[in-house]
Every structure is written in C-alpha cells, then in structure tokens.
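To start, the structure itself, in structure tokens.
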Amino acid sequence: MIDKSCASVEEAVAAISDGDTVMIGGFGEAGSPIELIHALIDQGARDLVVINNNTGNGRVGLAALIAAGRVRRMICSFPRGTTDTLFPELYRAGKIELELVPQGTLAERIRAGGAGIPAFYTATAAGTTLAEGKETRDFDGRCYVMERGLTADYALVKAEKADRFGNAVYNKAARNFGPIMCMAARTAIIQVGEIVADGAIDPEHVITPGIFVQHVVAVDEPALESELIAQGASYP
Amino acid sequence: MIDKSCASVEEAVAAISDGDTVMIGGFGEAGSPIELIHALIDQGARDLVVINNNTGNGRVGLAALIAAGRVRRMICSFPRGTTDTLFPELYRAGKIELELVPQGTLAERIRAGGAGIPAFYTATAAGTTLAEGKETRDFDGRCYVMERGLTADYALVKAEKADRFGNAVYNKAARNFGPIMCMAARTAIIQVGEIVADGAIDPEHVITPGIFVQHVVAVDEPALESELIAQGASYP
Amino acid sequence: MSRADTSQAATQRPGLSRAQMAWRAAQDILDGAYVNLGIGIPEMVAAFVPEGREVVYHTENGVLGFGPPPEAGAELRELINAGKKPISLKPGASFFHHADSFAMIRGGHIDVCILGAMQVAQNGDLANWSTGAEGAVPAVGGAMDLVAGAKAVRVITDHLTSKGEPKLFERCSFPLTGRGVVERVYTNLAVIDIGEDGFVLRERAPGISVDQLRELTAAPLIVAEDCTTIVVPAL
Amino acid sequence: MSRADTSQAATQRPGLSRAQMAWRAAQDILDGAYVNLGIGIPEMVAAFVPEGREVVYHTENGVLGFGPPPEAGAELRELINAGKKPISLKPGASFFHHADSFAMIRGGHIDVCILGAMQVAQNGDLANWSTGAEGAVPAVGGAMDLVAGAKAVRVITDHLTSKGEPKLFERCSFPLTGRGVVERVYTNLAVIDIGEDGFVLRERAPGISVDQLRELTAAPLIVAEDCTTIVVPAL
C-alpha cells in the first residue's frame, strides 16, 4: 500500500545531505514550511543551495537556516526582508553566494525543471544587467534571454491537506511556489495541517498530484512566522 | 460590470475570420466543444489553421469542419480516428496540410504560447524524423529539440461551469487541452453547461482563471459526439 | 508607504498629492481591465477607479480578483499580496501557483501594470530596481517580468527625487528594469506619454508651466497639441 | 484490440499467450510505481500486477489513479483513457490538464512506461509509430514523449510479425520513436534486456531454445548467465 506519510519532520528531512539543492516554498509567511526548515537546521546538513523567492525574516525559518551558516548559495528574486539585514551582511562579507533571478523567471525555471524542459526563452530581463552573460536570441523581432530549468534534490513545501498518495491542496495565496517546487525536486516533502483519508480530496480539486510528492508529514499547529518574530523568537 | 457571457454560440464565434488560427479543445469526445464548432461551420470562416490533438470523428464537430473544407492546415498529434478515413483522404489528395507534433510537445507548445515563452527545448522526438529541420542542442550531454510556442486567434473550449468573469471548472478528463488553449488564444470562447452566479465557484477550485477567457456561452444540453455518430448524424 | 507618510510628503511637494497622482492614473483604467499595481503609490490607484468600472486585480503571488485590505482583525495570513500585505477577495477571485501567475504576466494577459520608478528615459526605458551602487545587494522581485509582459506599463512617480534631481532622462543611468517598456508616466507635475520621438507632455498639473516642466525634465519635452491641465479632485 | 482478438491470435502463436506476456511484464512493476500503459497488450498488464502492490496508473489525457473499465452502463463519457476507452477511478485519483500531464511524462515522474513495438534495436532504439511507407498519413500521439520521458521504457511485443518476420534488429529500419530508450522487451518467446553490448536474453518461454531465439532475432543475442525459463500461470 502506498503511504507517503512520515511520523515526524525529523524523519522527513533525515536524508538531506551536505551540498544538496533545496527548494523551499512560501512567499512571505504564506506557505513557509517553518517546521521542516527547523528540522533541517537540527538535522545539520550544510553547504546547501537554497531556492526561495526571498531570504526569510527575523531569526526563524529560512532566515534561521541562513543565520546558522548552512546555506552556501541562495537562488532568489528578492534577498531582503523589510527590516532585515542578515542576508545583506553575509553577502557583503562574502559568506553567502547569490544568484538573483527575476521572480517570474524563477517560477518558470522551477516549472521547467519539473516538466523536463532544460531551457526556454523569456523576454524578461532582456537588455538588463541580469541578462549579462546569458544567451539572447531574437524571435519574431523581439529579444529573448535563454534561461535554464531548475531542479533540486529536495523541496520543502507547506500545504493545507494531503492524502497518503501525496495529493495536496493549499490554502489561498500559500499555494505560491509549492506546486512547482514539488514538480522540480527529486524528493518533495510537504508538511500539512492534516493527512486526510482516501477520497477526502475531490480528484477535481487536487492541486499537487501525488506523483510529485515523496513524503508527507502532519504538523497540526504550524507556527506562524509573524508571531514568532513578534515574540522575538530565534531558532534554534 | 464584467460579463463575458454571450447569448448564443453564433454570437460567440461571430468574429472568427478567414485565415485565423483556432485551437479546439477536447480529447476524443471528452471536452469537444461541438456546438461551438457547428456554429463555426455555420459562420463560414475558411482557410483556418486548426490545432487539436486529433482530427475528429464521424461527420460532426471537428470532422465536419474539416469535411466542409474550412481547414487549410491541421496541427495535431494523431490525425486519424479509429475508423475514419476523412483526413487521410484529404491529406493524400493535397487538400489539407498537416503539421504533426508529438502530443506532449503539442501541449507544451500551447502552454508556452500562453505563458509568453517563444521557444523551449524538449528531448521528445530528438533523433527522429519529427525533429528533421528543427534545431537541436545538447544540454548536459543529452540532445534536445527546440520547439516554438503556439498561439492562436481563437480557442473553442468546452468546460463544465463558468461565472461571468470566465472562471471555469471542467468535468474529469474533459479538462485536457482546455486550460492551456484558453491561455494561448487571444480570444478564448468557452461553452459551458451552466453559467453560475458570483461566488459559486470556490477560488481554490478554479481551473481556468477568467483572465484567460473572453467569451462564455451556455449550452445547456451539449450533444455527445458518440451519440451523434451512432445516429449517423452529419453536420450541417 | 503608509497613507500618513503620503499625505505628509504631499504637503511639501508642488502639483498633485500622491493620492491625486493615483487618482489620475485610475481614470485611465478601463472597465473590465486586468491590472497589476506595484507597491507604494500604485497600490493607491485601486481606490480611485471611477464608479461603474469593474477591474480585476492581479498579484504576483497568485491571486486574481482581490480587494482592499480587510478590517483590522479580519486579516488572513494566507491572503496577502505581493507586498505581503493583507488583502480581501472580491467575487470571481481565483488562486493559482507562481508559474501560472507569471504566465499571466509574461503571456501578455495583464492589461495594465502600474509601477514606481527611479528613472524613466524618453525611449520608454525604465529603471526601478537598483541604483547600481557598489556594495548594494541587488533585489528585483517581479518588476522585470511585469514590464516585459504587461500589455501596458505605466509609471507613477514624483517628477523629481527627494533631493530635487530629475527622474525623467534622455537615458537612464541606473540599471534598467526593461527597455522601451513604459507608455505613460504620471508625476505630481504632469502626465507624459512616451511617443515615437520621446516624451510627449499630455497634461500639466494646475499652476505648472511648460517652461517649468522643461526645466525639471532632463530630456526634450514635446508638447501635445491638445495638452491640457489635469483636473483632479482635492485628495 | 479486443480480448476476443487476443485469445484467437494467441492460439496460433508459440510461447506465451498475450495475457501471459502481460502477466510477465506485470511482475516487474514495483509497489508504489507510477505507470503508463500503452494501448493494446500493455493495457492488460494492470490486471496482473501481484497482490499487495499498489500501482498508480497515469493516462496522457489527464488522469492519475484510474482503474479498470467500469461495468457496462456505468461508463462516463468524460472519464476515458488515452485510448479513448472508459475507465474508473481509484482512491487518490486526480485530474489535470494536458500540459501538466506531459510534464509528468517529460519531467521523469513516470516510473514505468510499457508500449507496443514494430521494431526494437539492440541499442534500445524503438520504432512503434510509423512504417514510413509512402503515402501513409503519419500519426504519433504521445509515444515519443513517453519514451523520451519515462524513467523506464519497456516493450511488449510478439517476437515476430504476423508474417513471421523478426521485430528485434541490429538497427530499426522504420522511423524511430526514440533512440536508445528501451530497457526491456517482453515477447511471447523471451524476456530480453537491452545491455551495454546489445540484446541480453534473460528468460526463455517454456519449450523455446536459445538456438530458436537466435534464429528468430535479427541481431546477436547475449545469453545471460542466469538465463531461466519463464514461469507463467495458464492465462
């Protein structure tokens, strides 16, 4: 019988290795898989390449992973929080690498990676410094930049509910990068508020089909990044 | 107020012009927008480029459009019905052009067109006759074929329900090409069993967001291709 | 920026207040348009779209059909916009993932995108993501996608920087967000189109002369034959 | 092809019946696998997967987790497979659009794809979509996507054509579906892997000798050290 559920977040992230590429879902605190990230901090893997739209906030979740020195390289579109100086300081000190990617190109590169597309062309960033060093090409008189698909060893994603097959649904704008990161990672791990019974998710409503998911772990009462930050929390 | 609904299929297809490219949804009879196609036959536009996975069945729907001599060129993956000889005869007689595209490449080209991607690479068809004349390129030691995005002037799609904004949901495997064709056409026309009130479709369950839809028309009791064929029906 | 900031700053600036700039931009949004509004003054545009026009707002993080911020206490942490601020839902809303969201942008499905600017050039080049300063940590977000993909890219910006320097140039000196993308600029002093031959002055703020605008614009200004004075309500 | 055709043909062929070929292929499908089965004999595989293994079936037109055809009268016109035949749903099913469906294929998410073949070459080349005959109307469907994308591509085919010609060659003469894609071939006479150096005979059908297989195979046959006789139930 197929059962992708794990007993704990610790078990779910146990096999992540030094040097792995890890996609982490979420946009702001919506969809941020804080418990999985904290389990990854505890687990100890380092030298990670992390793909997320941002670089986290406060000293919890992704920001805590970065603060713990576990991230060698960030691939993101906006490496700044509203008030946060963590990433800029590490970056200026040469302690972390940055690959800056326009947000839509980042999303499409992840989707391409998941869909077996090694490269595609986009008009985004054509004629800008972010296209420097990249191939460009004209199609029908317009200049496009060639961008490569992105894949990952792992994806850490937060969804609302999933079944034992890994079929998942999300909550509003917390959907964001989750579905495409599950597609693009060899091992996609989703934390969900509830693992539901067979048939509880209507096949018409499935957002991430289970084929894209390898592990599901229930986190009944996930922490909220903004609340942790308001409390001055710092992980570990 | 936004209201994309049309009073009739005739009104919905009225602006389709000679020479237009028309994507037609459906895979087998599931999702085939028969009433829209029949309205297009009545409307009279000719010299059309039609994009569909197949070439229809019997003498109704897409097969009837082809039989009526309205299609200059088919872009499809499988131009044969089980028993049908219509397309092969026209093709051998030089009366219709064919661009044969592997099914997944066809789907991805449509999706790319809708997503503003002018071209992408795929391993599908590499080293086969269907890649002849196409650019190929190695990425990480594997050969890929460059394929172009497909757009269209119109898409004719059958969905289950839609609201006045064009937000649509589908019925099971009738979803097939509908969502991506709506993305790729400048004017997407969907026939639905029912136009529902605001709020009747949960924002989490929307499959085709209304931004991709220009016209919605209610066809309460859509004909079933297989029943029409069993009846020996022929359109017009 | 909060409304408090806005009105405070507005009192120190000539011409239109920030709310008036947003109001003016809102008049150009047509019924049924799909619109993406950038963070800052552009966000204020939604409040000023004329009655009777129904507009569907898109936010990059995956929501179509959102409405104004909910009342205090009714915010949902999973219902935010690209600026990570709480939003509400209007009838006809939908959620989708990030690749689909940017397919809407890149694929030309967004009718109008309104953004802020650091610099705009007379050929429509836009710089609004980086000053290119040594040691700055670059951050771009979705700006390059929006300007490359939206059918119409419009800019709302003060005519001058806070130091009194021009923001409209023959060429941008800051790193570009996109080339030749801007079609119209709303400033506190003018409404300026990007025409074939450069900046075209369409409307002047009340009390602002063409000569003043020429002085405050670091590029030639073509005065449209039908150039008028902007008529705005007190805001 | 209908089951009636299958059993009729089976009585005229040496070695395994078509159902036995499908049975043999089914033994190699692991618990939890995501599997795409081609039209014809491959479709029969699902019926023979050993008890206790849960397999999720994918069909190109946008369904994951489907089951056998429903009883007569319970068919739904919107619930069909890529062969346009009625299917049922199993727990954990989902629907998705065509681009997502082929993203599953092209992106390497399908563990096993089982297809028919016209010709297979010793380097794993597969020809199963066209004889390349003059005047034939080409039709490819999803075959090229499947062989390029699935993690493991396996073939079920009669060892010989209906005219008694070989189907396993040094090189395919028909237009290819994909290059170097096949990993294993199940025929009525043998189970043959594509190894580094060509065809490797793993299993022979009962009563079929290596010499007979060499005669009926138009390419060298390496006999695996542990080559055994296929043990199949009567089917």
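So that you can tell them apart, the chains are marked A, B, C and D in the order they are listed, and the count of residues begins at 1 in each.
FYI, contacts are C-beta pairs under 8 Å (C-beta built on N, C-alpha and C of every residue); 3 or more make two chains touch, one makes a residue touch a chain.
Being a predicted model, the structure only gives us computed values, none of them experimental.
If you take subunit B and subunit C together, the chains in touch with both are A. Seen from the Cα centre of subunit C, the chain whose own Cα centre is farthest off is D.
Subunit C and subunit D have Cα centroids separated by 57 Å. Mean C-alpha positions place subunit B and subunit D at a centre distance of 30 Å. For the pair subunit A and subunit D, the distance between mean C-alpha positions equals 37 Å. Under the contact definition stated at the top, the residues of subunit C that touch 2 or more other chains are 63, 95-96, 99, 102-103, 105-106, 149.
Within subunit A, contacts with two or more other chains are made by residues 108, 111, 115-117, 122-123, 170, 172, 203-204. Interchain contacts give a graph that is no line, ring or star and is not complete, per the touch definition above.
Listed by chain label, the pairs that touch are A-B, A-C, A-D, B-C, B-D.
Note for the complex: subunit A touches subunit B at residues 108, 112, 115-123, 139-140, 142, 144, 148, 169-170, 172, 203-205.
Within the complex formed with subunit B, the subunit D residues making contact are 59-63, 76-82, 84, 95-99, 101-103, 105-106, 130, 132, 135, 137-145, 148-149, 175-179. On subunit C, the positions that touch subunit B within their shared complex are 31-32, 34, 54, 56, 58, 63-65, 89, 91-96, 99-100, 102-110, 149.
Residues of subunit B touching subunit C in their complex: 1-2, 111, 113-117, 163-165, 167, 183, 198-199, 203-204, 206, 209-212. Per the touch definition, subunit B reaches subunit D in the complex via residues 27-31, 53, 77-80, 82, 87-88, 91-92, 98, 100, 102-105, 107-108, 110-111, 122-130, 170-180, 207, 224, 226.
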